[in-house]
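Look for chain A in each of the two complexes below; its partner is chain B in the first and chain C in the second.
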Partner chain A sequence: MQREGSPFTGIGPVFMKELSDHLTSIRMMVLTLFVIVFGAFPVASSLQTLRTVVSADAYLYLRIFTIEPQQVPISFISALNFIIPLMAIGLGFDSVNSEFNRRTLSRVLSQPIYRDALLLGKFLGGLMTLAVGLLALWLIVFGAGLLLLGIPPRGVEVARAFGFLVVAVFYGGVWLAIAMLFSVVFRSTATSALCALGLWLFFFILWPMIANALVLGFAPAEITSIDQYVGIQELAIALQRLSPGTLFSEALLGLLNPETRTLGFMLPTQMRGAIPNAPLPLDQSLLLIWPQVTGLIAGMIVVFSAAYVVFQREEVRA
Partner chain B sequence: MSENVIEARGLLKTYGEARAVDAIDLDIRRGEIFGLLGPNGAGKTTTILMMLGLTETSGGSVSVLGFDPVRQPLQVKRRVGYLPDAVGFYDHMTARENLIYTARLLDIPRRESNGRIMQALKSVALDDVADKRVATFSRGMRQRLGIAEIVMKKAEIAILDEPTSGLDPHATFELLEMIRGLKKAGVAVLLSSHLLDRVQSVCDRVALFNKGKIALMGTVVELANQVLGAGHPLLVEASGIDVAAALRGIEGVQQVLPAGEGAWRVVADRDVRAVVARNVVTAGGSLSRLSDLQPSLEEVYTHYFEGERHAA
Partner chain C sequence: MRRLIASLALIAAPILIANQTFAADPPKPPAGAAAATAANAAPLHGMWLLTDYPSQTVRPGEVSTIRFKLQNAGIAPESLAVSVDGAPAGWKIDVMGNGQPIAAAMAPTNDSVALQLRVEVPKDAAPGSQNIVVHAKGATQSIALPMTLTIGKEVPAKIAIKTQLPSLIGTPKSSFDYTLSVTNESGKEMTMALAAQAPGNFQTTFTEGYGTNEISSLPIEAGASKDIKVKVRPPSDVKAGNYPVLVKVSGQGATAEQKVTLQISGQGQLSLTAKDGRLSGEAQVGKTSDYTLIVGNDGTAPIENVEMSGSVPSDWKVEFAPKAIQNVAPGEKREVKVSVTPSDKAIAGDYVASFRAGGRGDSKSADFRITVTTSTLWGMVGIGIIAIALLVLLGAVARFGRR
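On to the complex of A and B.
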């Protein structure tokens, strides 16, 4: 049966309300504080390192994001890899079930708006909030770089760093969709937060180990050919890539380390003729990371669709 | 000729095997207050949600102002105001901000919305707290804010689900006044409730729900005649004698039923008060009360469901 009217009716007000709710909420302030604390340390110490190590580097600015300083053994991007999911979960874990618990859901849905628009408006509002937060952080890092390094970034560096920002928003989108899925599935906000955080810990701590164990399980006792070896390595990488964090860090590797030529497994024979440490042009780097970015976007859409399907079937009555 | 604003025909909602709403027919006319009554779980809220297109129908048809809520929910929801059971508002926002959000969702032009919001708040006497956060509101104030939302929406139909539940008598009285006000403004009101005496005072017609079916439908007097029998019900309170035996022989008395400690309900086809009094007194009893009963919805309700229980 066909329903009438645009599914996007009313999406604007929902988006604006979510955005203003998020931006004025205490929760957002706490999350921002979190990000600043977690991000400031790596950035400050990598700037420190960069100031002391004098070497001709064409991509000095990008090193702020990527180098692991001696004092803090974590780079800015690995800190973000860890923190962005937390931000996204913090923004999304109660987006639908809190409306339900406050008994506002049936009232809002009795206005001329489809559930599609409500869910999408909430998602886009959360994503926009995330984007605003990341942009602010990104600008702070660049500003700090300008001040402390004393040289302006080159255009290509800005372009690559901007790519990083876009990928980070998509990465946050995946986790926002996951958090919203749980907020639709569970009526209790605590349960949904716990599940989302559980999944986050699972992907960061457990999944690398499980993936290794699986590979060991699949691997034959004795590796007899190079094809077999390549097959196992590729399986290992494929399993790791099921975690959004892997896709994110691979995409950033390609973007922020222009020397990166491959994100997969490569035999030394395939490297023949390559000039070591020669940076790739931006378009080639983008081509390299395109599968990872597509994977993130696809993951975001798949999880959001799941949330949408569950939400459509949900009873609105208390 | 009154025009129907809601028409339901064979409306059905099943959850697996269970029939929450079992093929009901229902007409609501323009400008009337219609009450849906029945115990919890009888299918009142499900019926309401189907009329709003908030839950899918399993069969039958319903038409709201000529629109099909399943296929044209936006058209329906633009014209129908809904006050859910224990309505919620965004606590961190003020009353005015909550209504502004609704106005945006309704796509009311901004220059118009301010006036409409203030007018609506004034009509429910919330204009002096318009800029207070809803978190500070009492339950009654929230319900009134819900009515204000319907007023602002300029809805043609107002659907109120248990509007008076959990309110103190004064707040209930105020709310019922506002419901009458909606009717005066030409809005058809559909309300569900289990507070029967309150409903009786505002409803033009009622439907009694039982296990997903409409057991009875009509005006309160019609229902009383159907369930309690036509005629003159009396309440007799006396002591010292077997009242039932003393009254049974009176010509015209159809039923004598115990109605609590030392009280009997007498149903007769004519006014038998004088005879009843004489019989009680001559039998040596002391008569403490003899009153003509107005048929009350509460009685209809209790009587009907007792009959149901006996039948089952």
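On to the complex of A and C.
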């Protein structure tokens, strides 16, 4: 049976309602506080370190994000790599099943709003909330840099840092889509939260070990040629890249460290004649990280599609 | 008669000493007389006053120094009072030893004492010869040294200059060092002024012997000679040819000249730059990029057989058109096209490629910074993947969309 009108009618009200719910909720306050504390500590320490730097550095501003200060063994981007999934899961793990449990889902859907619009509106609302939080954090970091370093960033540094913000939002989107998938699949909010957090822990703790074990299993007993060696190294990198966290950190490496020439495995012969520490132009850096960004965006869309398919086939009356 | 007795005494002395009958009376040789006849017979014994030139020239109004010495040959040292007799009126003659006036001298056995006569001749001394006698008297010895001092005219100042290597060969870059020996052939110490006449823009400097300080004048004692070094530095753009440099040494009216010659041979000097002066360029992975290099000759002689070569990262290709240039004349500039192909597996970023032009006599290399960019093909593929994901979503909307 053909339906009438656009499937996205009513997406606006859902989006606005979801956004206002998120922004006024205590949960959002807690998450924001969490993120700011987690992000501010490495930034404050790296700014302390950068204030003592005397050598000329064309990308001094970007170092705020990337350097690992001596006091804390974690840089700002690795803190974000860890904390953005938590924020996204916190925003998305109960988006659908809480409505179901409160028996408001059928009431909403009795309005002229399709399920498509409801799910997409909820997703975009969550993504917007995430973007607002990250933008605030980004501006705080930039402002602190201006205040404590006393130099303005160059245009290309702002462009690269902005790229970082965009990639961070997509990374959050992947985890938001995963959390929403679980919220659609499981009726219990506790179960969906547990599953989402379990997946997060799996990718951060277990997956690197499993990938290593898999590579060891695939590797021949004796490596006889350089092609074999390169193949094994590339397999290891490919397995690691199944984790969204790896894609995110590689993309940030290319963006925030302009000296990065490649994210894959590289033979020493390929470096012969290369000028060390020569920064890549911005467009080349973007080309370098584009596969990673593609992976994040496409992964986000695919996971969302899965959530959509499940949601469409679900019984919503309680 | 005295001479005969002296020689007899010398010949007889060993025998007499051996017989122990004549020991108390040692021979008493007169100054400067005994040597001639007894030279071959036996070693000389005795004391003498000696001077190289017993007859000398002195000039009115000046102080002359006459060197002499007290020589002791084989006898016991003895203090001898030294005095001068026969000094004309108005003259002042002092006996000096070690710069001080002395009255007595003592020569060790088989040694001598250097002494001087300081002769002050009055301005109005009449021309002619004056005889003086220098006496040395002691307990057993009494020696005399007669001398003749002639009032003479002043010897004119004269300077001699000579060099062993008056002609040197080199390139415009070399430095030409000539060593000149300057002799003061007059009777007095002179301060010589040094000058050199060289073609325009040639730099000349004088240094003393092995010294490093630049000098413009140099004092030389009477009769002595000193080595000076003239360093000539031609301008770097000088043409090949022979260039004379006249070195002039002058002092107190006397002048000496010495001509030295620089034989400068031409030298080619290659230059290698890019056409617009920018030593950097871009190249795409796996694709050939062309740059234009300029090979020039800034030197003064042509350079033959200039071959182009380049060192690039491994698996890169580099080609030159033309590969070699037959002849690059001075001041000429030639264009060389260079094609660089980065390897298929090259990674984006900056690389150094070194190009070299090498000819007979000179070579030059230039480092070229090549920025390798990757193709945007994979970017398109990424957009395609995202589009496929969106299509999957739209397909799901179409398939599972509810009424």
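Please note the rule applied: the second predicted complex is superposed on the first by the 317 of 318 C-alpha atoms of A that agree within 3 Å, B and C clash if a C-alpha of one lies under 4 Å from a C-alpha of the other, contacts with A are read in each partner's own complex, and residues count from 1 in each chain.
By definition in this document, a residue touches a chain if its C-beta (ideal position, glycine included) is under 8 Å from a C-beta of that chain, and two chains touch if they have at least 3 such contacts.
Just so it is clear, the model here is predicted, and its values are computed rather than measured.
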Partner chain(s) touched by A:261 [first = chain B, second = chain C, both, neither]: second
Contacts of A:315 with chain B and chain C, given as first, second, both or neither: first
Contact breadth on chain A, by residue count: chain C or chain B: C
Touching partner for A:104 - first (chain B), second (chain C), both, neither: first
Partner chain(s) touched by A:287 [first = chain B, second = chain C, both, neither]: second
First, second, both or neither for A:114, with chain B first and chain C second: both
Which superposed partner A:9 touches (first chain B, second chain C, both, neither): first
Contacts on chain A seen with chain B and repeated with chain C across the two complexes: 1-4, 114
Complex contact set, residues of chain A against chain C: 1-4, 7, 114-116, 261-262, 266, 269-275, 278, 280-281, 283-284, 287-288, 290-291, 293-294, 297-298, 301-302, 304-305, 308-309, 312-313
In the complex with chain A, residue positions of chain C that touch it: 312-316, 343, 345-353, 369, 371, 373-374, 376, 378-379, 382-383, 385-386, 388-390, 392-393, 396-397, 400-403
Residues of chain A that touch chain B when the two form their complex: 1-5, 9-10, 12-14, 16-17, 21, 102-104, 106-114, 315-318
Contact set on chain B toward chain A in their complex: 45-46, 49, 52, 54-55, 70-75, 77-78, 80-92, 101-102, 104-107, 146, 149
